[in-house]
Structures are given as structure tokens and as C-alpha cells.
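In what follows, chain A forms one complex with chain B and a second complex with chain C.
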Partner chain A sequence: MRKKHLKAGERGLTLLAALALLLYLVFLVLPLLLSLRSSFTNENPLKATNDFVGFANYTEMASDDALKASLTFTLILAFGVTVAANALGVGFAMLLNRTSLSYRVMRTLAFLPQVLSGVIVGFVWQTILTQNGLLNTALLKVGILDEPYPWLGSPHAALFSIGLVVTWVMSGFTTVVYLAALQSIPLELNDMASLDGVRGTQRFRKITWPMLAPGTTISVTISLITVLKLYDIITVLTGGGPANSTQSTALYIVKLAFTSDRVGYASAVAMLLLAISAVVALVVTGALRRREVSL
Partner chain B sequence: MIRKPLLAACVAGLLALTAACGSGDGGGNESGETALTYLVFETPSLDAKFWDASIAAATAQTPGVKINKIVAPSTDRDGYAKQLQQSGQFPDLLQSITPSNFVGAGLLKPYDKTWIDANFLLPSANSLKGEVYIPPTNSQIVPQVYYNKKLFAQAGIAAAPKTWAEFLDACAKLKAKNINPIELGGADPFAASMPLVGIISADILGKNKNWLQDRYADKVKFADQDVVTAVQKYRTLVSSGYFDKGALGVKYADSITRFTSGKSAMYPMGSWFLGSVPKDTADDFGSFPWPTDDGSVVVPFVGGGSMAISAKAKDTALAEKFGQAWSLNPANLKALIETDGAFPMLKGKTLDDYGVTVTQVFKDSYAYVGQDNNKVNAIGWATNDDALPPGLNDAFYAAAQALFSKDDVAGEMKKLDDAWKTAVQ
Partner chain C sequence: MLAAAAVTLVFVAPIYLMLVNAFKPQDKILANPVSLPWPPTLDNLKEALTRPDNLIPLGLRNSLIVAVISVALIIPLGSAFSFYIARRSGKAKAAILLALSAGLMIPPQVTLLPTIRILTWIGLDHSYPGLILANLGGGYLSFAVFVYVGFMRSVPDEIIQAARLDGASGLRIWWQIVMPLVRPATATVAIFLTLWIWNDFLNPLFILGPLQGQTITTGLYLTIGQYSVDYGQLFGIMFLAGVLPVIGYLTVQKQFVAGLTSGATK
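Right, the complex of A and B next:
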């Protein structure tokens, strides 16, 4: 009876595994392969072209100034947000690493931005950052500004504003990761450090920060990948403007495919973004893992 | 090892899942009606109530049709239609799209020309290579310059400017009185481009109506000196401080309220703005065509209209009948006139025939449609043979935003030429 029950369980697991594998193949691997294939064509559904063009799309990228600008913007944003969100995450985690009810409520609030859809985040912050938005109104009222500041209306300010919003979103995630990492630090370590007279920033530098290493690896890698493929928040906040100065590579891919109808070229750019994301993730994860081991 | 029956079960499950996620419209229903999908878009003026009522009215006149409404997630219905097309869900009917984007792939079916000729004032307003894919039910002027009469009086400006010199003089007088001369909703790329649309339409197309056809034939370029000189006017407006410094951070919707609440004196915008003129203060507003050097009137004109028909619609004849019923329904035109500032273009009808309540500024603006003047296809807005190639609008908008802070007019115009070259390849 027991043997029969186990067999049924195994069958169920096999079925689930097969279904998962199939879903993975159909919805991830197949589109990836189709996109790779498309990147070697001049696919344009509205001109009805889909001929093999070899590496033409890839060579075109070298002279595509809009692509270079989008990659520069995306990389600056990704690294800036990753640093800021992780610094904030560590700070918030240290502050919220308590067990009382009020701290549990604050932890939930800290995670809130992460569960909001990017579109909602974009619309909320748009009401804050536009020329007549809440931020300018408040700053004008208290006399900090004489005239409204174009938070989304100049290339540098828009980069900063988007960075701020994305950092706000990502810090919810990083806080939770670092909180979990903090709670895995053995209490004895801190007790021993106290006995040895190690306190404050010294204790953070010598005990807490090294012990957060696994959390740092996860948090930094996921922050980087999330921002490298960022689309929704930017689309709502600036639409890539002004003058394409905040056009992320993901947004550029969508515009190429659905505005310029250049699906083949868009696929090639998507492949480039995939490769960059993979390389960045591998390098960063590798470096951070080595740090974990050396610690 | 995965056994075959298990794999088969997985495939069957997946297929069931895919089927469940599909649109599920079978093309007909139990009562024998043919279901057609209709892509519309919603704005504060053209809301869900408007579309539902207009669909119900046209359905009542088209026996055997059932309309399944699809609402585009933004006003970019061309982009959404392309997404639907690429996922195999191209709608049967598509409201206010740019046909030139879709005709190349044989996706649209033209309307019966006899019907078009019989019913519309300008039958060829939307004509694309001799065929009409959108009934020209209405038109827009893109842009006109709307102005606040009270602020003009405050600055001592006696009359609406006609020439470029008078326009600059008016701007200077307004600025001297601490009044923001020109409103710009520059955070929305299309709105940011309005002054550029006005300048190029008036100064370039006004002198050569075939300029866009010449551009397609590579006879002229954006980087040509006459275009650069014209666009330099935009830089003059920016560098003279005639726009709000933070204009590229102002949303289109906010720009309307800023202008109508008296925060700026002039507002270059498409005639759909007329639907937003507050009724109680409408007499405070006037309009004039974008000024030219010599004061000649150039009207950047766009034939608007109703829906295009998919060449692959389940029943193209029925779809055309529905499109015809919708296009001729005076109630639809009434809503478009009152809320969207559309100028009706149905033959044999006056404004009074629609039972509309419109402002004097609407009537004055509409007068330019009937007058014998220099009408040109507004650059970036035309849906006929003068429509820009796919992707060029985006490049045009980006140039308008870039020129707000950059002085390199020639460089930005060259970028447009480069984008054009890529788009028509």
C-alpha cells in the first residue's frame, strides 16, 4: 500500500516536472530561439519582409547612436540605482532589525514599493515630479525654489529623478534581503564582539558587513538585472524623453519593434541586452562570490 | 524518463491553457450574428460612454453584426494595432489609425470610392495612393495658435499677430509684462513638437506643398538650408525665453489647464484643443494661423475620420457597412465637434444640422476650413500620401525636445534625415 502510494506521488512529481519543463521550453526557450533567429533577418511585418541578412543587424548596432545613448543611460542607471538601493537596504535593515510590532509594521511599509506595479509607481511619481507636481508646489511654498524645477524636463534632472524613483522601488527588496541576512548572523558573534569591546561602526565593519556577504550577492545581482531591463516606470514617467535622454535599452527595443516596425533589428538589440545582462550578472556574481569565500 | 502518456497529457494541458488564454471569438454567435473586433481609444473627451453609444447606434443600422470593443491602452493606437497584428489578433475595425503604416502589408481594405465621393466634402483628404482607407468625416488644423485676449490687452497688443515679426513683437511685449508668452506641454513628445509642426508646415510646406513627396523622392532634405533657417525660428523662441524654462516637464493635460487658467498668453495646439476651451470664459480666447514671414495664411490641415477595415476581417462587406453607418451618424460627429474640436466634413450639412453648441473661437477656427486659403498637409499628422514613414514621428518629437536645450539645428535636422533613410530602407 505504502509502495503504491509512493509511486503515485512520484508520478505526480514527474507530471509537474514535465509540465514545468514544457512551460519553460514553450514560453522561454522557444521565444528566445525565435528572437535569435529573427535577429539575423530584416523582419518587418508591415513591409512583409523577413529575409536572412546575416550579421547586418549586429554590424548596424556599431553605428547606432540612439542605441549607444540608451545603453549608456541604462548602465548608468543600473549601477547608480544598485549602489543607492543596496546602501539604503543595509541602512533600513539595520534600523528595522527589531522584533516589536511597530518595527514589523515598518518592515511591511518598507517593502510596499516593491509590490506595486511599475505603471502605478510611474503614475504616482509623475504627480509628484511634473512641473506643477507636489514636489515643486511644496518647495515653492516653503521658499526653497523661486520657480518650478524641471525634475522630468531636463536630461540630467530626469536621469536623477528616474534613479530616485527606481531606488525607492528597489530599496524595498534590498531591505528585505539584508534583513534576512542580518537575522542569520549568530547572536554569539555579536555577544563576543561586545565582550571584546567592539562596538558601533567597528562592529559593522568587522562583523555585520562581512556576514551580509551572501545577501549582498543576491541583492546586488538582482538589482542590476532588474534595472538593466527596466521599461515600465520610464515609459510612464518620461516616455524616454526629453529628447530620448532617458530611453532605456528595453524601451528602445519596444520602439524599434512596434513604432519603427524593425522587428529583426529590435531582436538583435534584445540579444545584445541579454548578453550584456548575462555578462554583468556573471561578473558581479563571480566577484561577490569570491568575496564571500575570502571572508 | 518522461513517459509518452505523461508528455501527451502535458501537451494537451498546455494547449487547453493556450486556448483558454486566446481571444475566444469564434466569429459568430447563436443568433447568427457575425462578431467583429473594433479597436478604439479612450480620452477624457471620447470616453467609454461615447464609444459604447456610437457602437450601439451603428450596430442598430447594420443587421447581423456584433461588435467586440478593444480599447487601446494609450492613445497610440498604431503601436497597439501593430502589437495585436504581431500576435495574430489584428482587429477587424480600427479607429483613427495611420493607414500608411499598414497598407504596405496588405492589412487594410479600401472603402468604396463612390460612397466616399457621395458623402464627404474633401473625398481625397485621407487618400493614400488613390485609395481611401478612412472615411474623411472630419478635419483638424494642426496647429493653430490660441491666445488669451485679456493677457494680450494687458500687454498692449492690439491685434492677433499675422507676420513672424509681429509674433516676436507680441512675445516680447508679453514677456516684458511678466506674462509667459507661449505654453508648451513639452513632457508629452507630440505636444512638444507643436511649434516645429507650425514652423515647418507654414514656412516649408506653405511654399512647396509637395515637399514631403519630394523628401520621399530624395529631392529635398531636412538639413537643407531653408528648413534649417525655418527651424532656427524655434530656437529664437526658446533662447528669447518665450517658453517657460521647465516646459519640457509640463504634461500635455497640465498645459491645457495652465493656458485656460491664464498662466500663458498663447498656445500652439491642434484644433482638438477647442473642445477644452471653458464655456464660461470662451470669449476670452481667440485663434490665429501660425504666422508666416509675409503674413500669408497657411493652414496646416489634417483629414481625420473614422475607422479602417482589416482586409482579413471575418466579413469585410459587413465591416464596411458598419464603418459607413458609424461614419455618417450625426450623433458621433456632434460628440466629436463638441468635445474634440473636430471640424465636420459631411456633404450638405452645416454646424446647425448637428445640433451642437460651440464657442465663437470654434466658429472662427472652423471658418479657415471653408475659406479658399493655402491648406497644406500638417507635417507629422497627415494620414494620406504625406504621412511620415514609420518611426519618423518619434524622431521628429525627439528633435523638438532636443532643440529646446541644444543650439545645433543643422545637426538635429541631419538626424531626421538619417532616421528617414533608415525608415524607408
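Right, the complex of A and C next:
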């Protein structure tokens, strides 16, 4: 009797684990394979075509200017935001690294942007940055501007504005990560440095920055990957405009698939984005890990 | 202190705008968007809550249902799976873990279309069960397993062996002995997944489709465009849509940061 019960219990756990594996296979591995297969076809739900076209989609990418523009925008945004958010994160973490109550409250508040959905973040900033938005209204009233500045209305300003908003969101995350890394630095190390007369920028360069290395690895990698697949904030802020100048690759894929119905080609671009994310993640993580060891 | 306060102000300013302007009439918002809402008006919130399309109450309800059911199912699935592979060794385990952590990295745009096609095959496209099912198998499960495996490894083998000698089955050991030991992992998984699924945009937008009801994020996106000039209405809706995650975060803020940093400094 007891043995039977035992067996049922054993099977129950295996069953749960198998169910998890099945879900993972059906909703992550299978879609990935289907997407890969689709990238070699001219699939189009409107024309009901689904023929193999070999590498045609991949060769088409080479001459697709919209794709090139989207990749340039995405990479500039990803690297720009990553550098800015991590520099700010280190700075903010050092400013907020005290244990008194007021500092704990400030740390809590600094993380707030992370909690809101990208859609809300996008809309809040849109009310601020749009042509007759709160920022222009204020700047006109104070007399800094004579006419409204197109924060989201010209290609360069829009890139800058989106970078600003995404940096604002990511900095809360990087700050918390660097705070944790700062708190893991042994106190003796700082005491010894003080005794040796190492302080200021030298102390930061020789002690703090190297000791932050594990935090840097995780924070840089997550910033890069987050921005590479970013969809909601850009969609709400500019929808890819003006003139497609802020159309990230993630937006371009969705547009190809759902607006242009070019599912096959969209899948090929998706594979490219996946490859870029994988390479960036592996190369950057690898380099930063090696740096952790050598420091 | 001053510098730290200035930094905090930068983070909070847009959220401050959302908060104060939700309680101000349109003319006061335009006159001075940063002023305190005095006397405060509840008209914006009332109007947002009594819209004929029921955007806010329906959206909040739908988001809550999707998030709660998804998380309630991902936790046992992810933790049982983690327990199962954490006790095994060798190449198979390493391969499965590698595949799962890759799942954390895959951009959702890559899997979105095939996922909708698979849901169509099983007759669950454009439905809430379909959305929940897609949540269960995607990157969220990867995240849960990723967190759980780390914690499961630190459960001493002796405890499990002893329970086994007492005749406890694998299912009982997992549920009654291991799960209480990895409670911090469960907290981390529950908090982050609830937030991410609540805030998710791409999946509900395309898996549900506009005709099948909306979560709070997609409802917000599809409706709010009408209010490009009515700031009072805009801020009222945004306040109601954003207030729950903020309250939730402030309530569990300690576990939130702990979860984030334990993952970040491991």
C-alpha cells in the first residue's frame, strides 16, 4: 500500500516536470523552429502562398534600406542607452549608498519607473514631449524657446528623446544593481585604502570600479538585451516616426508580419534580430566575465 | 544629500506629473503642470471609471485574471521542473539549463507569429486561455526555472535523503519540504512575473486581438489616442492604470530589491 502511494507520488512529480518541459517545447522551441522554417518561405496569409524560396529572404535583407535604417537606429539606441544608463547607475548608486531612512526612501523612489508598463511610461512622456506638450508649454512660458521644439517630431530629436526616456527607465534598474554591488565591497578594503591615502578618483578607479565588475556584467547585458527587443515604449512615443526614423527592428518585424503580411520575410528579419541579440549577449557577457577574472 | 535628492527628483518627476495632474482640471494642468492639485478634483478619475466602454474596470479585471492564473500555474510547474533537474547531474541537465536560459534572451517578436499559429491549431487563438497558455511556456517559465534551480541547489541533500528514508514520495518531498525552504525564490518569481505579465503589451495585443477584450495595457494603448488634448482625462486614466503596480511595489519593495540583487550578484 505504502509502496503504491510512493510510486504515485513519484509519478506526480515527474508528470509536473514533464508538463513544464512540454509547455516549453510547444511554446518556445516549436515557435522558434517554425519561425526558422518560415524564414525560408514566401508565406503570406493574404495570398495564401507558402512556398520554399531558399535564401531569398536573407539575400533580400542585404538590399533592404528600411531594415538597415532600423538596425542602425536599434544599435545606436541599445549602445547609447546602455552606456548612459550604466554610467548614471554607478553615479546614482554611489550617491544613494547610505543606510539612513531618507536614503532608503530615495532608493525606493528611484526604482519606481521600472514598475510602470512601457505603455504608461510612453504616454506620460508623450504628454511631456509632444509638440504642444508640457515641456514646450513650460519652456515657451519661461521664454527659453520662441516656438515649440519638435522633441518627437524630427528624426534626430526623436532618437535623442527616446534614448532619454529609455535611459530614465533603465537607470532605476542599473542603480539598484550597482547599489547591491557596492554593498558587497568589504569595508576593510575601503579602510585600507583610506590608511594608504588613496581617495577621490584614484580610489574609484583602483578599488570601487573593479569591485563593481560582477554588477557591471549583469547590468550591461540586461540593458543591451532589453533595448534590442524594446517594443512598447517606442510604439507609444513615436510609433516609429517621423518618417520611420525611430522604427526599431522589433517594430519593423511586427509591421512586416501584421501590416504588410510578409510573414516569411518578417521571420527572416526576426532570425537576424535573434542572432544579433545572441551574439551581443555572448560576446559582451564573455568579455565582461573575463574582465571580472583579470581584475 | 542635495545631489541625492536631485537624482531622486529626476526619477520621480514624470511620475509626480502623473500623480498631481490626475487630480487637476484641464486648465490648471496647462497653466502649471507641476503645481500641487489644490483643491483636488476627482472628476478625472470619475470620468475615467464611468466610461461607456468600461475600459478601466474591465482592463484591470482581465489583467488580474491573466496575471494571477499564469503565475499560479508557472510557480508549481517551474519549481517541480527545477527540483527534478536540480537533483540530476550530467550533460542532459546542463543542456536543458542552457536551453532554458536561452529562452530568457529570445526577443518575443521572434516567437509571436508561430505561437499564434500553434494556438490556432489547438483552437485557443484570440482567447484568454490561449494567452495564459502562451505565458506558461514562454520566457516566463525560463525565468522561474532559472531562479528556482539556483535555490534548489542549496537545499542540502541530507534533508531529501532523510525524508526519502521516512518513505516520503518525490511529490511530497518537493511540496512539503523543498518548497518551504525555497520561499525567497517563490517570492522573487511571483513578484517579477506578476509585474511582467501585468505590464506585457505585445502578447496580449496580438494574441487576444482587439475584438476579444483587453488587458489594462492594451486597452490603454487602443483607447488613449482619442485624448491627445484632454490632459485631465489622459492623466486620470493613466493614474488608474498605473496605481496598482506602484502600490504593489511599495508593499513588497524589500523582497523586490532582494530578488533583483540576489540574481544580480550571484
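The working rule: the second predicted complex is superposed on the first by the 275 of 295 C-alpha atoms of A that agree within 3 Å, B and C clash if a C-alpha of one lies under 4 Å from a C-alpha of the other, contacts with A are read in each partner's own complex, and residues count from 1 in each chain.
What we mean here is this: contacts are C-beta pairs under 8 Å (C-beta built on N, C-alpha and C of every residue); 3 or more make two chains touch, one makes a residue touch a chain.
Here the structure is a predicted model, which means the values were calculated and not measured.
Enquirer: Could you look at A:258 and tell me whether it touches chain B, chain C, both or neither (first, second, both, neither)?
Expert: After superposing on A, A:258 lies in contact with both chain B and chain C.
Enquirer: Pick one for A:26: touches chain B only (first), chain C only (second), both, or neither.
Expert: Both partners, chain B and chain C.
Enquirer: May I ask you to decide whether A:81 touches chain B, chain C, both, or neither, giving the answer as first, second, both or neither?
Expert: The answer is neither, since A:81 touches no partner chain.
Enquirer: Using the superposition on chain A described above, determine whether A:47 touches chain B (first), chain C (second), both, or neither.
Expert: first
Enquirer: If you stack the two complexes on chain A, which partner ends up touching A:176: first (chain B), second (chain C), both, or neither?
Expert: second
Enquirer: Using the superposition on chain A described above, determine whether A:166 touches chain B (first), chain C (second), both, or neither.
Expert: neither
Enquirer: Is chain A touched at more residues by chain B or by chain C?
Expert: Chain A has more residues touched by C than by the other partner.
Enquirer: Does chain B (first) or chain C (second) touch A:14, or do both, or does neither?
Expert: both
Enquirer: After superposition on the shared chain, which partner residues are touched by A:151: those of chain B (first), chain C (second), both, or neither?
Expert: It touches chain B, and chain C stays clear.
Enquirer: Is A:234 in contact with chain B, with chain C, with both, or with neither (first, second, both, neither)?
Expert: neither
Enquirer: Show me the chain A residues, by the header's touch rule, that chain B contacts in one structure and chain C contacts in the other.
Expert: Touching chain B and chain C on chain A: residues 14, 19, 23, 26, 130, 132, 257-258, 263.
Enquirer: Flag every residue of chain C that touches chain A in the complex, lowest number first.
Expert: Answer in residue numbers: 1, 3-5, 7-8, 10-12, 14-15, 17-18, 29-30, 33, 76-78, 80-81, 83-85, 96, 99-100, 102-103, 105-115, 117-118, 133-134, 136-139, 141-142, 145, 167-172, 174, 195, 198-202, 206, 216-218, 220-221, 224, 228-229, 231, 234-235, 238, 241-242, 245-246, 248-250, 253, 256-257, 260-261, 263-265.
Enquirer: Taking the touch rule as given, give the residues of chain A at its contact with chain B in the complex, in rising order.
Expert: Chain A reaches chain B through residues 11, 14-15, 18-19, 22-23, 26, 45-48, 126, 129-132, 147-155, 238-239, 241-244, 255-263.
Enquirer: Help me check something: in the complex, which residues belonging to chain A touch chain C?
Expert: Interface residues on chain A, with respect to chain C: 2, 5-10, 12-14, 16-17, 19-21, 23-32, 34-35, 38, 91-92, 95-96, 98, 102-103, 106-113, 115-121, 123-125, 127-128, 130, 132, 134, 137-138, 168, 171-173, 176-177, 179-181, 184, 214-215, 218-219, 225, 228-229, 231-232, 235-236, 250, 253-254, 257-258, 263, 266-267, 270-271, 273-274, 277-278, 281.
Enquirer: Considering only the defined contacts, which chain B positions touch chain A in the complex?
Expert: Contacts found on chain B: 2-3, 6-7, 9-11, 13-14, 78-79, 82-83, 85-86, 101-102, 104-107, 186-189, 192, 244-251, 254, 258, 390-391, 393-394, 397-399, 401-402, 404-406, 422-423.
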